[in-house]
Every structure is written in structure tokens, then in C-alpha cells.
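Chain naming follows the written order as A, B, C and D, and within any one chain the residues start at number 1.
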């Protein structure tokens, strides 16, 4: 809306210049001369690819020079009043990440890291985040702030565990998780839409409420007879023959649990639904300008209500990943704050399912990388390694993504005269 | 033509009324009714989960009176315990009230931080991180330096506020300069602060001498808020009151607050009116951070007297509820903070004396917040303000169309 | 379709915005609603459209009573409405906006925007609209947005079309086109309820004119009624429609813009070496079709738009590079073109809005401490001075009708000592009575000796106020001409014809016209120039 | 809902006048670690001795003092507090209530306090044996450990484990590698909290991918994530094993008993119950209790299902090491060991 225009900002050129200097000097000239090797193949692959081996210092000097060239190009474009094209920004980001990896791996106790498990593990860590962020997208696109993702994940995880245990049927657990997520959402929808309670309050309170209820039931019910109530049957991992043996991408795309495949399907469906269907058009309209939607006969509050509920189902299913796929049983607070990371992914991904997916993956990768680096042994204290995913997110948001404009009406209850 | 403009009762000034109109519309009565509904539901919940009630339900038909008396006593006992733990009991007198005030202090301070940012148009999920950094700096000054009385405490406060302001201001700066969304930034900064504190607690500088556990030395006596003899209530509560007054003044009577609110509602108009929006954003987040930092000060220089990795507990998140329940007004936040403090203090007693699991207390507390925040629901429950329902118009429309 | 409203009342709390209104709109009739700001016109239309539930009364369509639970019902019954504030979704494309609520779909609810695009093209062809179905609405000029709104109603087969102040944001050409479209629609059997404050167009197009004052119907009259009569009916007193201002007595050139260029973030030059002066005690009107750099010009002066090159000086002080606050402090009174986005904080009270850019100056503040008593006193005074219609100065600005919101902005900006006054669209959406009043205030400011710059797409207004007129075309000053230049010449200049050409053409085309009153003024005017002497070299 | 109503009789109790109380830290009584097992100890005492019992879970640090005050109001004879975080609060309560008895688990005061009994564990001793066993059982020549949060009660396990592995390498001239902990630098791999089990699983998967086949998680419930990872890897053809901590995982985490090589046990439940028994008989003393291999306060659990797979040679070496540690011949040192 702001009609205030500015010259191309200096941000990108400055960032690229700084990155070039860091890579050239810290990673390159002052870096370790040992090699860094990245293995691409893991056991069970159909054929094996050779490891990628980089001489530490030399490679980074080369990358540093390349980044410097990009920075120069960026300054040049700016002088002409233009900005760096997106592909160039992406190339720059990839180069920097590569330089960073070469630097740490060449300087670690063990100079090799498995790229295949780095990526596969990152996807696994991202699964609940992706579902959570889809819930956020669905809800917020229709104009309801969803702070309750954490509660939806936790509720889903708990219910999946108890139902899959009692029925000895993992799919029953999956369905129940969706229902549990929907129930949490219904409260959010009811209070915020019908009773006009501030949406953020309801969300924050719901997280506490779900934490309290699951914690209580965990102690009083599950712990009394874990055999009966907390030994969920697991969803099977389905490997698609042949495809799953492709190095690197095979395990990511073709060797997943049911929920893993559902994740890809859900991302596609939500994206397709929001941008290509009548339903999506209406949902987005309601989130952007409810009054305009109302003047066209669209039931604003009904749309919101169902969307929030649908979001709850999605997040509930995401929560079941904890207890039906990842772990063998439920414990208190098993979601561990991932709902908030998912919320950040929603915004980071600009309320677009694909963007949120990418943001969740970025976070998952950064988190897994951090773990793998502590395993190969870096000189950086573990607490700073643990900060990495968060710092990466801050850097990505502040440095590369910048302003994100949400649905215009998000957070505003719609009341008619 | 006759004058037909009907007189309208002047509305009292409702600051920030757009966001919170929904809650403000409930007058006192509705809020009270809201608490009552929540207490009844909460009581039922406590009663249902009570062991004795469960046992009595087992032979409900054999001796129903047992069931109902167990139900009643479970519910009431819990609330009596809550009251005894938060306000008054016969053995300690009003000591529990002092405990409530103690527990409220950081909630109020951090709540003010969330509220202030909210009024400036930003959702500050970062009170947790700001509190941590504030507490860290305050505690360090408190145990590592040795200064005369008064001066030391003042410096502890100043550094605590500065720490929070730094952490909040950084978010403001990044938002103003790069447009990054404050919700993402504050969530991420919370984790960064947490790990930073974890790291520091594992360094010699922060660990208690001779101790391998990550716990700091106890702060110097000069660095600690004087407390009321026989209770934990300390002067930090006075700080909370002063901060509430200060924030009220800042928001409603100062040019800075005017700018914050203008930017919060309409940054374009604020910019056109000469407000430096970037500066306001940074300043608002810095102030918000400082307030959360004050909560950190209250923790380390008041209640706990040491710094540990868990110094923030869940204060930063409770602060969000406190602020919003208080409609993001300073005094609203203050009283919401007291209410939460009472819950906290009372819940502990409830757990001990009636064996009500602490998780259930969380549940009841959440319910009360929901009901207080939902006057329309309460009105609906009590049949107040019932709108006359219009008959469905579909048929006449069909008749009318074409 | 024949539409009847019987005894409609609408109360907000205890305040009646409509009281016992009867209105009949015949089949294929253009029925105009006329009334002051805040008279209750939009409220009545919102009731008719199902957005508000009437407190009392009945709506009849072709004699049958109907009840609308929402706009969906009204639409289904054949009522379409173009709202005073557009009901468009800025981030959607035109096609998406039009499809919304009545989407054509393929299997499984997949959108088929192709169908919508085709419909848009059909309607565009029929009525001569030029609308790109795939453009984002937020990128479109308001005139085009308006057409999108009309297409929206037409696609839905509206038999009764409500147009709530459709011309407030249109250029004269666009207005003429719209009136033509209305006539076509009427010919096709559509009934139209038309709301406008511009008596000239009201008289040009209406069959019946109903005047509303303070929520009640005053009278229904025919189109032959004179503008003066209409104005008097509306306001309830005699209104002087002609400003009859004294001729300007310009002094020194106090405000100077030199070679000012602005480049937007996409690198396009939106202002190209613009130069002009404004003298003490004169009004310079900047005319032009919207989108020719007016916004950039005013924002560059204010300092919210980065300047690529050039200089702006007020009383010898350079303004380029100063902060907005400094520019305002140096004595600029600034009325932005879009009051709801840039002029007001709609959630703030009227009181607060009346000091929106004065809050940190005496007497409203001392240091950082505000004096709320002064704020209150100021509000009471300004509300009285500018006749802002409100029952409580502590109400949020959003509760005011559009015209009254404009008065609040004008009151604020004119309430202090000014060295320069700039107003964009100073009377957009304001009723005739208030226009008269606001124009007088602007002239009074001029007569105090303040240089005044008025940016308006409203030629009537430009001609009414201007001592000199600068025409902007594609970011350049296409000529500065005297204030009494004819409509035609201005129209040609706004279309890009140079001043000399325009005068020549207009002369040629209308030989019966009054003699040429003025000649173009050279762009590089630096000396104080009397308009009568500013001939071509 | 139609059983018979019970007779109205008072509950049977042998020690109805004695109240034993317990205050957890913010982990709560189901933390699968020291809170849980201390709580179990008091629960057992309640059952076996017929004492009265009061419990309070702390949700945050601010609750410690209030909970303790509550216990004082309820006339607790003995109050057990858990974890170093409660150190200051327990001390204060003890000073204010000199006639009451206290015990604190996993914490020791510089200056003994006459009515507080510290109960601490030289966990490194048992972890040392586990490290040795792990190294001996590793087929890949790589073992691993990770923690929840870097605190001494966690890292002491990792230190002992590291030394055990080193000892094996030294004695056997092997080069079994340890991932996840560098004793010299006192740093390694942590999941960041005691909640995110899936993170624990991912960490463990990464260890396995890096070649480790015996993994010791020191992270409370997060250890279950490690169990899940090991099971999953084994279905994929690996042969990884788990070393549990705190309690005998074969019994307390039966889901993973097939992959449970052994466990490093801290017998807090027994110690707490013993303490209560003594105190209820009026035999309280404040000398610190230090759980060691010698007094069986810490122990290496049986190999259970793996018994046949661990060579007799290894078993006897472990027995020998245990004897050496008990005799003081072999010192297992960790910066986190009790002083």
C-alpha cells in the first residue's frame, strides 16, 4: 500500500561484499588446508557416487573470489538502478553455504560428512514443522492468527499415541490425531470467530491448555499402563522399489512413512487449493478483505471457521508424526516448541504453502547440520552450534527475504452491523 | 426541519480500542460472571479428576450421596486451597497475598513489555529472550561487581533494563532496516538468548566458585531488592508499579507514546505526519525489551537472587497472555499480572494441600482467561443481551427476485 | 425493476443515521441521492444492499417485500452496488476480483478464470471499458478500479445498480465516460441509484433527485432544478456556489522547485526535471490526469519520496534531504491525497487526529510531555470552526463520514501558521456546502500571504481556486497557464498537447468561445509574474 | 459404576504420624530420570512403611521456595528435593526449620548443613564400565553418546563413558572412536532440552550413519528417541545397541529391551527409601550419601538379552575394573565428580 518508493537498496550488494570478505579471509586464507569430503551415497543405494572432496583453503579462496565477483556485479547493477536477479542471489547463498561447509568440515576432527544423511535427516526434522506451518497458512490465509499450532501438534501426538495403542491400529491413530487437531482448532475458531476473543489470546491459552490436559492425562492414564495406552503401533515406512535406491534423493522422496508422503501431498494440495480453486480464492479473499468478500455473498465467518478447523486437522496429523513415526511413545511436551518454529515458517514463507515448506526445510537442514557438525567435532562450543538454525533463520529473513506482507485482515474479527 | 439527531452517550476514551474492543465491551459484571463460569467449569474438572470422586463414582448407584459430596468437596477444597495460597489463610494471615505480589512482579513487567510493543503495532513473542538477557546482565553486575549500597542495586537495574533493551532493540533495528517480521525475529532471538545463557552458565565467569553446576553466585546483598521481613515480597514490586505508571504516562501522555500508537495503527499516516517510523519501531522494541529486562531484574535481584538457565521459566510466554488479557493497557496488564500471580501462588498450594495435579491448575487457569476474554460467550450463557432473531428471509427473497 | 423503500430507519446505538425514509426508484430510472456529508446516504444504501439490517422498515422489489440477511441475498435479488470505498481485494487480479463469489469452475472446484476473462472482455467491449483482466487491482489507477467494480455488478446481472459517489475519484473524462455508461445501462433497463456531491453531473444524468438531510428525506425533485436550489435544499440554507475570490496579489517567489526528478523503485522516472515557483499570496493548481506524477511531486516535497535530482526550497531553505518532521516544522501544511491512508489514523480519536502532526509542538507538548488539555481545547475549537459533524470528539476518526474526515485533515493543517500550504484533492468526497467552506479557507490562507499549491484532478476545483495552473503530463510540467484558462485548453494539455498547441486548437475548435484570456507561461519563470503579463515570449 | 460401597474405615498405617515429602525440579515426576526415580523411592516408602506422603512438582524456579514453604506448612518430617537448582531454596528452608529434616538429590553444599543430607552419585564409575563394555561390544569400532543439556549430572555420565572407552583402547591396543563427547574440551553433542525426542532420534541416526553402533543417550525421555533410531537402523540391517542411563532400561524402557546392551544405574529410589526408613526410626544424619559402585548407589545393569553376546572375557574384565574402582586402585575422574 505504501506508495513510497526508494532507489534499489544497498542491502544486497553490502551483504554480498561482506560474505565475500568472510569467505575469502576467514574461510579461505585463514582456513584449514585439509580437505573436506562430502559423501553422497548411503547404504542401500542402487549405485554409488564418488565422494566430493574439496581442498579446504584453496576451494574457499576460489569461492571467495566468485562471491566477490557477484558483489561487484551487484554494485554495478545498483549503480544502474537495478537489482540482482533472484537466481544470482540464490547462487550466492549456495556458494556461501558451500564455503561454510568446506570450512567447518576441513577444520573438524573428522573431515568428512554425509551429505545424503544431512539432507534426509533435515527432511525428517522438518516434517512436523511443515504440517504445522500448513496449518498456520490455512488459518491465517482466512484471517485467523494461529498461535495454537504448538497445541495442535501436541494434541495430535498425544491422541495418535493413545488411539494407536488401544486400537492397535496406526491408521486409527492417524485419523484420531487429525480429529484431535481439529478439536483444538474448533476451540480457536469458536472463541475467536463467534465470541470475538482476541485470536492471539486464544492461541496462547490453547497451547497452555493442551499442554495441561495432555500432561495430566499422561501422568494419570498413560503412565498407569503404558503397555496398553502408550505403545502405539507404528505407521510403516514404504520404500518405492527402485526409486528409493537413487542416491541422495531416493530416501528423501521415495522412502518415507505414510506421513512423509502425506506431507508432500499436503503441501501440493494446499498450494493447489489456495491458488487454483474456487475454495482457495474465497479463502484468500476472506483473509484479505472480509467485507469485500461479504459484499459478494461469501460467508466470511463460516469460511474462517472451516479453514481453521482444516488447519487443525493438518497440524494434528503432523503431530502424529512424533508418536506414529518418529518415536515409540508419547511424553510430555513432545512437540518441544516446534509450533512456534512452524509459525515463523509461515511468515518466512510469506503465507504461501510452498514458501512455508521451503522455510521449514531450511530450518530442518540447519538443525540437522548443526548436529552433524557437533558429531564430527568443531571448535565452536556446542551452545553456539545449537543456535545455528535460529541464526540462519534470522539471517535469511533479515538478509535475504525482508518484508513479508501477510493477509491484510489477519487478526481482525469480522463483525457485521 | 426539526432537529432529529439523537443524543448519544459519550464513550469513555478507549485506548487501543480497535484491537481490543471485543474484550473491552464487557463491563465489570460480565467479567465477574466470566470468572464464575470458569471457576465452575474448572471446579468440575478438578472434581472429575479427583481420586475420591472417581472412587465414589465407582459405586455411584450404591451410595450416590458419596459421589456428590465428594464432587462438591473436591471442587470447593481446591478453590479454598487456591485462595489460601494466594490471598489469605488462617495460619499465615495475608502472607500468601505478599507471595502473590512477588510472583506477579516479573509477570507485570514482562507483560508491560508485550503490551507496549503491541500498542506500537508489533507482536513481541520475545519477552522470554529479552528477560533472559536482562537477567543475565543484571545478575552479572550483581554478583561480579561489589559496590556500595543503593548504587549497586541501581546499576543492577540499569544493566538489566539495558540488556533487555539491547535484545529487543536489535529486533526493532532488524525490522526497521530490513523489514524482517518481528514474530520470526523474536522467536529466533528467544532461542539464541537461551543458548547464550546456557553457554555463559558453563563459563567460569558465571559459575559459582567451587561449583560445577551451572548456577551463579548469589548476588551481593547490596545488589538485591530489600524485601519485606518474613516474606519474599521485595521492592521489585514497587518497580513494577512505577513501571506501570511510567508506561501509562508514556503511552497516553507523551509524544513518544503518541508516535508509538500512531505507527502501530497506521505507519503511512504516521510517516506523513513527520514521525520517524524506523526510529519509533526501534525505540518501541527497545522499551519493550527493557520492560522484559526489568522482569529479569525482578527475578535475579528479587525472587531468586541467583542466575540459572531456567531464570525465565515460562514468564515470557505468560506475559503474552497477561498483556492481552489486560487489553494491552498498562493498568489492565498490571491487574492481569496480579491475577496470574495469584493463580501461580495459589496453584502451588492447591497442588500440595489437595493433590490437584499442577497440570490441571494450568487447565483451569487457561479456562478462566478464555472466559474473562469472551464477554459475548458469557452473555450468551446468562442469556444477557439476546438479539431478536430475524426470521429467515430466503423465501421472500426468492419471491422478490425476478 | 422497481425498488421501494418504506419507512426505513437505521440506528447505530441511539443515533439514527436514517429515519423513516421512503424512496421509490422506478424501472430504468436514474435516481440520485443528494445530501451533505453524513446525511446517511451510504447507510441507506448499505441497508438496501443487505450489509446493514434496518432497525425498522421494509424493502420492496417489484412490489414484493424482501428481506436481506446479507449482500448475497441482495445480489441474488438483482441488486448490485459500487461502494464509496471500493470493495476490491488489492492483491487479486481483476479477473479474480470479478470471479469471486460467482466463480466459474472446472471439475472439482478448479477455477476457470478463462470464462471470467471472456465475460470481462464482453462487458468491456459493450461499454467501452479498457480493463486488463490479469492486472493486479492494487496496481490500477482508481478510475480503472471503479470500472472493475461496475463490471463486478454487471457480471452478476444487476437490475438495480447502486453507485455510491462513483465520481469522487474520477477524472473529468472518466466521469463523462461513466455518465455515458449509466445512460446505456438505463437504456438496457437497469435502474440506478446514484450518489454524488457534484451537482453538475447529478443534473446531467438523473431522472429524479431525492435530497436527504440528517437522515431524513427532504424532498424529491426533477433534474431541471437549478444547482443553487439543489444546494440550498441539501444544506438547508443559501449556499454561494461561486467563490468570487479576490484576484491574487502575488509577492515574491517564496517556494521554488528546480529540476526535480524522482525515480521509483523499479527505476522508472516518475518526475522528470520539474520546475516551478509559487509566490507569496498565490494559489498554484497542479492539474493533470491522475498518475502523471502528482503523488510523487507532493511526496517529494514532504520528504517521503526520495529525490533523484533537483532542489526544493522554501524561503531560501533547501528542503531536499530534510526529514518529514523538519519539512513540516519549516512551515508546510500538507493535505495528502488519500486521507484514510496518509491523512488520518482512523483508530485515533478525532482529538488526536487534529494534532497528528502537531503533537510534539507547543502548546500540545512540552518536551516529551503532552498537554492533553490543550489537545482537547484545540479539538473543540477546530470542530466548531470547520463544522465537523460528530457527537463526540473522543470518537475514533473512523466513525466520521468521508467528508467530515476530510474536514478534520484540513482543519489540522490550516490550524497553524504556515509558510506553504499543499493540498491534494482538498475536497474529495466533500459536499457542496463544505466545499464552499473549505475553498474559502484555502483562499483565506492565500490572502494571508501563504503560497498555496493545490493538486486536483477536479477541473472545476482547479479553475475555481487557481491563480495559475501547472499541468503535469507524464512526470513533466506541460506548461503553466493562467488561472482562467478554459476547460478545453486544460483538457488538451492534460492529454499531452503543448500549451501553445492547446490554445491554438481550442481557439480553432470553438471560435465562438470567449477570446483567449491567457497565454502559456514559460516554464522557467523565476520572477514574480503577474498572470496577466505572463505572455509567451 | 455399580460396585459396592466400601466400609468406612480409616486407612491402615504403621507410621501415620510421619510425613515424607518430595519437591521436584521443573522436570516433574515423570522425567524418566532423577525426579522419577526419587519419587519412586518415596512412593515405595509410603507403601512399605505406611507413612504419609506429600508431593509438589515445580513448573519453574519460582515455585521452589513456594513449594518448600508449602511442605513446611504441611509439617513434613523429611523433605526430599531434587537437583542443584533447589540447593539455595532447600538451604533456606532448612535454616528456617532447624527441627525438620531434608535431603537433596544430586547436589552437595560446600559447607555441610546439619539438617540436610546431600545424596550424590559418582556416576562416572558406572559409566566407565559401560564405556568399556560398549567399546568391547562395538563391531564398527565407533561408539557414541549425547546429552540433553550440558550440566554436570549429564556430563559425568559422558566423562565416565569416554574414560571407559579409552581404557578399552589402551588395554586392547584398539582404536574405538567415541563420537559426541570430547572429555578434554568438555563439549559435545546435545539435543538442547529433555523434550524433543525426535531430535534425539535424528541425533542417534546421525551417529549410526557416522558408523557408531553403541549409543548412550543421557537425556531423560529423549533417550527414547535414541531407542527408536536404533530399532529403525536395525530393521535396516544395522546392528546397533543402546546403553540406557539412570535406571535399568531393560525394565523401565521395555520397548528397547532387544537393543539394550546395558544401563548405567543410579539407584536413587533405593537410597531415598532407605533414607526415609532411617529417618522414620529417628536415625537421620547429614553426612552426604555418595552413591558409588561400592555401595551400589551406582551400578552397571545386567546385560540381560545380551548376556550371551558379551564375551566372558569382557565380563571378567569389567568385574576386574569394578573391583579396582571399588578398591580405589583405579580412579575414575570427572570434573563433575562429587568432591
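The rule is simple: a residue touches a chain if its C-beta (ideal position, glycine included) is under 8 Å from a C-beta of that chain, and two chains touch if they have at least 3 such contacts.
What you see is a predicted model, and the numbers here were worked out from it, not measured in a lab.
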{"item": "Set of chains whose contacts include both chain D and chain C", "value": "A, B"}
{"item": "Gap in Å, rounded to a whole number, between the CA centres of chain B and chain A", "value": "29"}
{"item": "Euclidean distance of C-alpha centroids - chain B vs chain C, Å", "value": "46"}
{"item": "Chain centre separation (chain A, chain C; CA means) in Å", "value": "46"}
{"item": "Centre-to-centre distance between chain D and chain B (centres being mean Cα positions), rounded to whole Å", "value": "36"}
{"item": "Residues of chain B whose C-beta touches two or more other chains", "value": "195, 198, 202, 268, 271, 357"}
{"item": "Junction residues of chain D, two or more chains touched", "value": "150, 192"}
{"item": "Multi-chain contact sites of chain C, meaning residues that touch two or more partners", "value": "53, 73, 76, 304, 341"}
{"item": "Inter-chain touch pairs (all)", "value": "A-B, A-C, A-D, B-C, B-D"}
{"item": "Touch list for chain B against partner chain C, complex", "value": "1, 3-13, 16-18, 252-256, 258-259, 261-262, 265-266, 268-276, 390-394, 396-397, 399-402"}
{"item": "Touch list for chain A against partner chain D, complex", "value": "42-44, 109-110, 114, 117, 121, 124-125, 128, 215, 218-219, 223, 231, 321-322, 326-329, 331-334, 336, 338, 367-368, 371-372, 374-377, 381-383, 386"}
{"item": "Residue numbers on chain A that touch chain C, as the complex places them", "value": "1, 3-8, 80-82, 276-282, 284-285, 288-289, 291-299, 408, 416-417"}
{"item": "In the complex with chain A, residue positions of chain D that touch it", "value": "28-30, 32, 144, 150, 179-180, 182, 187-190, 192-193, 195-199, 201-203, 205-207, 209-210, 221, 224-225, 227-228, 231, 236-237, 255-256"}
{"item": "Sites on chain A touched by chain B in the complex", "value": "1-2, 4, 11, 191, 194-198, 200-202, 204-209, 211-213, 215-216, 219-220, 340-341, 343-344, 347-348, 381, 383-384, 386-387, 390-391, 393-394, 397-399, 401-404, 411, 413"}
